């Protein structure tokens, strides 16, 4: 249960490389280098947290992986295929819940299925189950406006689960929540990801949250955006909230801070 | 440098009572009890953090003190005067920066002076200085839309300083910032408040931040909103960011958590 | 007082406000009656320029109930205006949708739209009448021309101004351009689009009346000008008022439809709709 | 470089016009069009040239005189319209009773088509400029009214609280927050009003007028000079474009904080002003 | 049986100013002649001549200036039938006005119904051996209240326009007086014109239409009272009778316009001499710049057949109708 502060490759509990980036660079317009020479590889079932100050290129990295924007140079593959356009085996969740106001919770959750094919009874059952999973049983037919901010985030999470994607990209999904609700959702997220065995890339501003959830933390620094360090987090799962006050945990917090502070 | 977990009255380093609330209750409409029987007194120069889950009445308490809304029952005085309407010796900062889009940063900072009298060269110099203080030298003539979210927050802080009010109420002022910028601003805020010897009431969702800044932390619980506990924080000032990983600090974090979790 | 955070548009029951509305209305009518009786040098002049409300009411009773002259004209004008509004809306929305889907189209259509907006359309009326021949369709065409701009501008603006994150979300799900259009753009533009429909209806009325003043054997435009020529101004006012009243009613109906259509902006409707969908899905709460 | 880009994009835009005009001309030349209905573009162009550059006299004066008369009537009507519309809006914004009980009558005016009240307007205001101005006022007051009202009522609770905590008075709040905050809506209203005012003027001229671009159209048609009639129509379009452009430019200048270019411009200007003061 | 469709473009139809149409419709003369007239009532800026050329209309009602414009543009239009033998247009003053002659208008303001009425004002001045110099004009339109103001408030010294515009004023106590020189009134004012190129192809049906119209004129000639009764009926102009006095005053003003000049027994004749006078008048006021050959714009081909009907039978039909409805 010790956390090592060195970058190390760990082949044990995870599968093959799913996302592989080599020297990935993204330049906006002609001058804004949002991401420079990023190297990273993420294995099946792994949970990666991405931290770094505002504007360091976290969202850019996620959007590159999702195929929403094109890289300027470097190599980027997902499941050994070069990324050129959005893939349906990748699901994405944004900082805002981005729900459609005119659809009930379950209709919002069903949207990804609807985009891919006619919805079946199976899809509906699955949607009910994912809403249940995020603790929204009984709220299936509420509209977004009738739900609190935290509940909306959870609908977005259920929608992500509904995509059936086993690669999940999450861009500060809980940024707008108060700390208490956020903690509750963190625990749920850990459980869900564990159950689905999904590969996850998770952006956050909150160092505690990043470490609590992650197998590895990617620390980024700005101007130009680079990956400064990759830190392993070796706590057993499922994790309890109390580990946050442990010494080992705080050593990692310090390490992340130091990396960030060094710039 | 030990933090005691008991409620205790401390008369040492602070002046007289500035804000005094006894059994303050606020009921919205006829049924929503936002605040019930709140007792609190805040002394000159003291920094009070207010934490509690969403909807527990933190903003309500602040707005009562600011004279923006009227209490339903109880006694509330500021500088021994019953609060009936907004007072100019109280400055307030909101969660959103609330800048006027059609005014440059410095014009926004000058707004409070403009409201009170014709602006003089003195006011202008002071505004330049406060913008410098929050690290916005060189951005004085930028419009809000040309500034990043964090910079806008800092303009709002400079405007608060410009009011010259020695009672400052801040409602989640750094809620929209990333943790790194937030930490930097926390340190600056500590310094500024120290220099101005202002009495401060500071609402936040972030327990670490609350403790780091405060002389005392008011923990509130919801439905109906009550003050559950008042916790003293006895670290020396100026404080270093490193205290956050200290044992004493984490004991207080745990105490706050426990109080909140108990509901 | 508007300098206050407390909401000033609190709902007051219609039963409370109605008496005041009636009182004010009665006051205005009374004032008008007095102006007619005492505001002019002679009564002929007064009746010609500001006919007495009582006479106007009598005239209304006559044209609506006794003689029933107004109905065929009213129906004719409504027919032209509504057809014109529908066609104008279809064209306006069609152009807006094409402009949203194609950048090239957007570029080349823009100067024409501005030109059309800047040209006073009443001046084009006679040419329309001449080109399209006399009759219903010329009036409809003019009404449509006048009406198309509102739906165009509103639809275009609504379709273009969507939440960027929502658009990215659709892309990340692999949605096609048409799926994004129908499931996202159209629905989120709905509010503005329906405001455009209201604009279209109001202006189509103007267009239809212009066409009727130019040429027609029936319609409110004709009726009004007949009364004006005969200097029966109480009847002219009554006819004018009928247009206003029915236009107002139509407007209110559209308001209501709009309110029902965009149910997600209203808490109460949202509650009902949510209950309805729950029942439809066969889930008991 | 900048001018080059401008020229290219201008040419691109003009291209579609040129193509349409060319097709029209060709069709007319090969006998496809009855020129009493739709004269060919070259004839209209020729007539425009005569009107504008050879100072052809039409009854009362040159095209410039008619142009001026229309523009003047429109402008006066527009001014009255925005004064009335904005005043009503401000009263309605501050007085709830007024807003609830009186303002709905403004809506009634809006659903009453201007052309239908023209005979009344002429009877009330006579057949001189007054009636043109009156109709322009009547049809154009509504957009500023409704837009300004919406803009002024668009309230931001946090800004209100900010102004309260710094001890601002009602009028300070109005001038420093409420009014600038409503400016985008106010200008949108003015832009709508300016084209409607032109429309009102021309409708009134059609009814009875001795001078103005509106009457020229009929006058030429009466003389069977259809090129002239269409030239008048083109002149109206030019006038429409002119006032529309003026409104657009004013809007961009005054409500500068909506687009980044405007922000940068004003920001630089203010900075320069300060440094020259020092 | 089968009815041939005839399209006529003319202003303000239905109106008593064209009462023969009402009579012919009422007594079934059109049906009898196998035609079905459709009226295009247009106040459009596109000239009526255009509708003859493109075939949208069979007949167009043209006034003097329009006929000469057509001639000057060599459109090949032919005026074939006189509708009004004297002009409804004229110069009118209020009954108690001191003005007796158009020559006294110098230095005064004259209101015009529309721009076109400037021509009739000029002709009227010319017939009084005067000219328009020193007279200022203003277009006042033709709306009732406006005209009432002209006479009641004296906003203009005189009004130049159609007598039909003034009919309703009598009910408001405004009595007007015509100060047009009588010589200016005797002119073929409104006429039916056709497209010369196609008129012979349609000869038969045009003939039948004009004949039916003439039959209507004859009924009025035979019994002037019948006009009132018929124009009140459904096929007439009932809207002009909504106020009885207005109807009467209107009829007073327009009834005689339709009848041929004193002593003439044929209807709709297009007299060369009269048109030469008009040509001359137009030239005098500068509206026309040449003397046109009457063959360019007049045709007599329909005059014969338009008058070729049994007058006694027509009178009998009128009597029968009066007996039934009178």
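We just call them A, B, C, D and E in the order they show up, numbering each chain from 1.
As a convention for this text, contacts are C-beta pairs under 8 Å (C-beta built on N, C-alpha and C of every residue); 3 or more make two chains touch, one makes a residue touch a chain.
If you're wondering where the values come from, they're calculated on a predicted model, not measured in any experiment.
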Shortest contact path, chain A to chain E, counted in steps: 2
If a chain touches chain C and chain D alike, it appears here: E
Top-ranked pair of chains - ranking by C-beta pairs in contact: C-D
Magnitude of the superposing rotation for chain A and chain B (Cα, nearest 5°): 175
Chain whose average C-alpha position is farthest from chain A's own: E
Whole-Å gap separating chain C and chain E, where each centre is the average of the chain's CA atoms: 41
Centre-of-Cα separation between chain E and chain B, whole angstrom: 88
Computed distance of Cα centres, chain B from chain A, in Å: 33
Chain A and chain D: spacing of chain centres that average the CA atoms, whole Å: 52
Chain E residues counted as touching two or more neighbouring chains: 45-46, 50, 143-145, 148
Contacts with 2+ other chains: residues of chain C: 5, 48-49, 126-127, 130, 213, 228, 233
Multi-chain contact sites of chain B, meaning residues that touch two or more partners: 68
Touch-based graph of the chains, sorted into line, ring, star, complete or other: other
Complete list of chain pairs which touch one another: A-B, A-C, B-D, C-D, C-E, D-E
List of chain C residues in touch with chain A within their complex: 163, 165-166, 168-175, 179, 183-184, 187-188, 190, 263-264, 267, 270-271, 273-275, 277-278, 281, 283, 285
Chain D partner contacts - residues on chain E that touch it in the complex: 45-47, 49-50, 53-54, 69, 73, 111, 114-116, 137-141, 143-146, 148-149, 155
Complex contacts: residues of chain C adjacent to chain E: 44-45, 48-49, 126-127, 129-130, 133-134, 213-217, 226, 228-233, 235
In the complex with chain C, residue positions of chain D that touch it: 12-13, 16-17, 37-38, 93-94, 96, 100-102, 105, 107-108, 110-117, 119-120, 123-124, 152-153, 155, 157, 160-161, 163, 170, 173-174, 178, 195, 198-199, 202-203, 206, 214, 217, 221, 232-233, 236-237, 240-241, 243-244
Complex interface listing, chain C residues touching chain D: 1-5, 8, 17, 20-21, 24, 28, 48-49, 107-108, 110-112, 114-115, 117-124, 126-127, 130-131, 202, 205-206, 209-210, 213, 220-221, 224-225, 228, 233, 236, 240, 243-244, 247-248, 251
